[in-house]
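Consider the two complexes below, in which subunit A is the common component and subunit B and subunit C are the respective partners.
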Partner chain A sequence: MKNLKEGVVVSGVGIVTPLKPFMKVDDFWNALCSGEDAIKRMSLPMLDTGRKWLMAGIDQSSFADDISLENKLQFIAEKALCMAMKDANLRECQNAGLSIGTVLGNVLVKEKRLIESKKQKTIYDYERESLSYVTSYLAAKYNLNGPSITISTACASGTDAIGIAARKIMAGKADLMIAGGIDVLSDFAIIGFHILQAITEEKVRPFDKNRTGLAPGEGAAFVVLESEKHASHRGAKVYGKVMGYASRADANHLTGPHREGRGLADAMNQAISEHNLKPREINYINAHGTGTVYNDLMETKAIKKVFGKAAYDIPISSTKSMLGHSFGAAGAIEAICCLLSIKNKIVHPTINFNERDAECDLDYVPNIARHHIVNIAMSLSAGFGGQNSAIIFGKT
Partner chain B sequence: MEKLVLTGVGLVTPMGIGKEQFWNNIINGTSGIKRLTKFSTIHETYGGEISDFNFDVYISDGRFRRAADISKYTLVAVNLAISDAGVKTLNDKDTALVAGITHGALNYAQVFHRALVMDGADNISPIHFSDSVLNAPAGNVSIGFDIKGPVYTLVGGATTALKAVMLASQMLRTGEVDKSIVVSSDELNELSLYCYSRLGINTLSEGSGALLIEKEGKITETTPYCYISSTASQFNPSNPDIALYDVINQCLAKANISLKDIDLVMTDSYIPDKLCLNDIPAGCIIPLAGNAFSLTVMWHIILSSLAIKNGAIPKAIIKNKVLLPDYLRNVLVYSTEESGIASAIILSKYL
Partner chain C sequence: MRPVITGIIKISSADIEYAMTRVKDMVRQMRFVNSLVQLTVVSIGIMLDEAKINIPVGNNDISLFLGVDDSVEDIKDEYFNGILKEGILGASPLLFPYTTPNSLAAQVTIAFDIRGESITVPIKNTHRNVMEYAVECIDGKHTSMAIAGGIRLQDKNLTIKDGRYMAEFFLLEEAGNAEKRGSKIYNYSWE
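Coming up: the complex of A and B.
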């Protein structure tokens, strides 16, 4: 890559997930490292069909106020954004932008209308239904006058939002960007994955021989990205440096991954080469790790393709084993997990891992967290449309 | 910095499919607005509906026959843009695709929810889920044309097409890719028409517009339409006029020209007096094609590039009473959103 002027660091993180929602990032991290499972049986958010589905939802009782379903996304997004800004000790910033990845946006507003087959009645509802509504709302409220981006690259949205934001800073388009992913549980996503036979009826067991699928989840996560110069000038604490990012397409199938992980391997190779890293320098991978038969096998093959024999020495964990798959938020949550692994020198486990799959034979950090000095971590995401993204963070 | 050029355009519009039909209808002032026939429940509603559209004529790949309309429009527009640029094969990993979408496949989403309510969760066609997802049009194009580079879908209002061009240009400038395809698409939806009529937007539209951007030094196949001289975007919710003023000035500065060098302004937005644009011909395609938000802005970009290449400003789209120059060097395309976002691009004559 040429013409990229600035190095980019992460100076703040904020996260709202079904695990310890609205609590400190350390509480979330400790719960994750303890292997707490946030996935349970719940009803659909909108339609009461009498059936319970396995999913990871933010417990309604954890909301301080009585939040309607339609306001939930905006609420958790704002909470996570504020956490990140506070964590970064952010005050005024002249050239700050906002980049949000989401698959469904404020889907519940639209979903309610579609289920009831109603015409939009108010301008306010129309505005809220827009996928970019939360971006505009947060940018206006927090005076983020720089680049404003809403990106929807399926389940890679959170990763791409961060990657594109980092590129904006590298290209000198902004000094600081707040970037992340947001999504909430919706009937559309739950039923959609059900008809694709991707939802499990048992535990989520990424990379396990007996894995049977994913559990939908929800959440919001943001990182504060800034140029090294900007962070240094204001004396910001730094979690890590962005050391590579790439997006590559499978060009294969709209809903299924390329069986050999072609696009994901391309994304990893491109991200690794961006800062002239060697594959062996990466010593932690946060996998996409959904728990579906095809994703986990494809991902394992892609990692082996890129890292060769060294793949067996890299701890790989699946955050989704505990939090479910939070779609647009997932990549941002998992990016933060990488940063927390670097900071805390510990990698969280892949839970519910009972039996080794002959083809998924890497080190998935089964069931118990592990002390591990993480120098350079890579987070992987894949999604519908053949989307694949890899982002790399390293110690500064 | 190496110059970027626009080398191919593709259009699916209510005023015709392909650049020739589109341009001829623009020149002749032929409107694409007609009574909508897509929705049996809607009476006496007019808009820019895509009719007489035979997908199989343009795309022979059977995998996309059941795709949502928005995906079909996108596939055809991209196909036309690639052919127009004379590109025989895309070097798959060195090509980026950036889509700018405002609404997406609302009709399939509506079918999905209707089936969920009426028939239950087990009786929904998977395609009504997979093709409803916002990045499905871009995903289908990636599959259809074997594009294995970065594929992004940006979502939002009218400025989204300009942001898509900016992202695509950035990837070219940083050397990440050699070619960038930018596409904007949308489809009409009956449940949304009502709301827009309440907002005072009565004539909506659908279709797609695609363009191919390359580095000037790398082109071999064709003569470009124009240079992409500069782009800018800004967000100022407290004063959208200032955002617009700033992005236009940024664009002029980056292009190293002044306002007097702009021969045509294309915009779907208002023209504040402060901007001193009133002496420049200002065009808008909405009266002829209807409003499709991000897609409208993409059509403005394509129309401007056609005008530059043809050296003619189509009178039918000009909304102010000024003398039209007999030359066309630089066109300013801009758009604003109520939220306070303003984005702009300057296209310049290829020399």
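Coming up: the complex of A and C.
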């Protein structure tokens, strides 16, 4: 990247999603490539409304420990962080930092307090409801004494947290950063997206002609980032190299994307130029792909704008077709999917894809995973407030 | 790259009416859903105007790095209490988008057509993180100009008119860029 004498690489990944939660990353990846759908009808976590929504939640029975609902976020975040650290074979973290993206953070703690009509917050409540609570907790517990940052850029939070962490290493502020995204299903968000009519009543069908919306999801995902020199010095295995990152604002609408994908196209172009790449070198895209009418169309237009005719030759898949939209965690989960695609030479499918949309006419890897040698992969994220982010990973 | 400061603003929510008189018609005519948004947009509007930045910006030359402390928690409480009171029907579609902290930055980007990076950092007591990141981004040539600062809850016992919230922002830019624009430069070094 522009001021980088040497690159930043990913040396560990950790992931907890509704698909094979708390199991090995390979188990998650195999399930994803098999097209397993984690989305099902579920009740709200706390409130009893007498109805069920389509969402992807981590099955309570899969939690080995007896944890209370409001501690779920902290629990899955810690599990994913530990997986990533173990995967990177980190015995000690000198000058290591932590960067976490989240949209609503520990909102279940707030919900519980308000449901119990606990108007007077204790200092402990106050701390735990803060969006930066989990970051502070994990940084303290695992002695991550480098930069500690919480990012909240709506559904692009996970991607931005990784991009910003990479820049911290480039700026010499840390030797190593653990970065990712976290969010859990909450009444707060599910009802919010319901009233905005964004939640589907049918299956999630990203890029399909008959797509009707998204399904909320949850998860936690972290990557271990370090300078190439640092990774080489300690003999770390490497998943891939960060080859570009950019964030751009639509400056257009609070909840809807720019209809022509102006901000997302700009983010892609900027990320591509950071490492002097050419668009044709990107040979896999993990799309934001929520399954809403406007997002998928906007995203397709943005990809065409950047790649021109070459857009038709790039496999594009939507992880959210199987995992739902895990908000702050989504970008980090999808970044890991890009890295696993590079490692395993396979791209996962976009499931529930039945009928082609005349305007969404790219290669969305419909329903079946595909063997594909991925040299350079790009993950896209967009969110409320006109947030757009693109991050690129390449083979080392 | 050498970042310098070319704009400074600090406004309390107690002074918002006076501040409104200092912004151009475009901002005066905006309808604000809540006082936090109004304070953020008005503060940045005055700062950009004083720094002689053409508005609307209309490009990605300026990035926005915004720190927000627990002041947005007020909006979350209001939204969720609506649900507790009236069930799903009590959920406000107007309030929900404002429960995510980046809604403040979003309104700024929309108001002034700022298309660069927009990063929101939920942070307590200080906006040091966003200032530091803005410097790093200019230093790393990721942006040539950056608005950095934030909104904080001054005193939860105060009303908005009494100064519940405080907005503080800086405009940072690459020194060469500032000199070329003939900007007023507040300092030449950054520690």
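In this section, the second predicted complex is superposed on the first by the 385 of 396 C-alpha atoms of A that agree within 3 Å, B and C clash if a C-alpha of one lies under 4 Å from a C-alpha of the other, contacts with A are read in each partner's own complex, and residues count from 1 in each chain.
As a working rule, contacts are C-beta pairs under 8 Å (C-beta built on N, C-alpha and C of every residue); 3 or more make two chains touch, one makes a residue touch a chain.
Keep in mind that what you see is a predicted model, and the values were worked out from it rather than measured.
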{"item": "Joint occupancy of subunit A by subunit B and subunit C, clash or fit", "value": "clash"}
{"item": "First (subunit B), second (subunit C), both or neither touched by A:114", "value": "both"}
{"item": "Contacts of A:145 with subunit B and subunit C, given as first, second, both or neither", "value": "first"}
{"item": "Partner chain(s) touched by A:47 [first = subunit B, second = subunit C, both, neither]", "value": "both"}
{"item": "Per-residue contact with subunit A, leading partner among subunit C and subunit B", "value": "B"}
{"item": "Touched partner set for A:251, first subunit B, second subunit C, both or neither", "value": "both"}
{"item": "Which of subunit B and subunit C A:195 touches, first, second, both or neither", "value": "both"}
{"item": "Part of subunit B, among the options 22-30, 238-246, 256-264 or 292-300, whose backbone runs into subunit C after overlay", "value": "292-300"}
{"item": "Common interface positions of subunit A, toward subunit B and toward subunit C", "value": "1-3, 47, 49, 103, 105, 110-111, 114-115, 126, 130-132, 147, 149-154, 160, 164, 167-168, 170-171, 173, 187-188, 191-192, 194-196, 246-255, 262-263, 266, 383-387"}
{"item": "Of all residues in subunit C, those that touch subunit A in their complex", "value": "60, 64, 68, 70, 73, 76-77, 79-81, 83-84, 87-88, 91-93, 96-97, 99-103, 105-107, 109-110, 112-124, 129, 133, 136-137, 139-142"}
{"item": "In the complex with subunit B, residue positions of subunit A that touch it", "value": "1-4, 47, 49, 51, 97, 103, 105, 110-111, 113-115, 117-121, 123, 125-126, 130-132, 135-136, 139-140, 144-154, 160, 164, 167-168, 170-171, 173, 187-188, 191-192, 194-196, 246-255, 262-263, 266, 383-387"}
{"item": "Of subunit A, residues touching subunit C in the complex", "value": "1-3, 47, 49, 103-105, 107, 110-111, 114-115, 126, 129-132, 147, 149-154, 160, 164, 167-168, 170-171, 173, 187-188, 191-192, 194-196, 246-255, 262-263, 266, 270, 383-387"}
{"item": "Parts of subunit B lying in touch with subunit A, wherever the complex brings them together", "value": "1, 92-93, 97, 101, 104, 109-110, 112-114, 116-117, 120-122, 124-126, 129-136, 138-140, 142-143, 145-157, 160, 163, 167, 170, 173-176, 191-192, 194-196, 198-199, 233-237, 337, 339-341"}
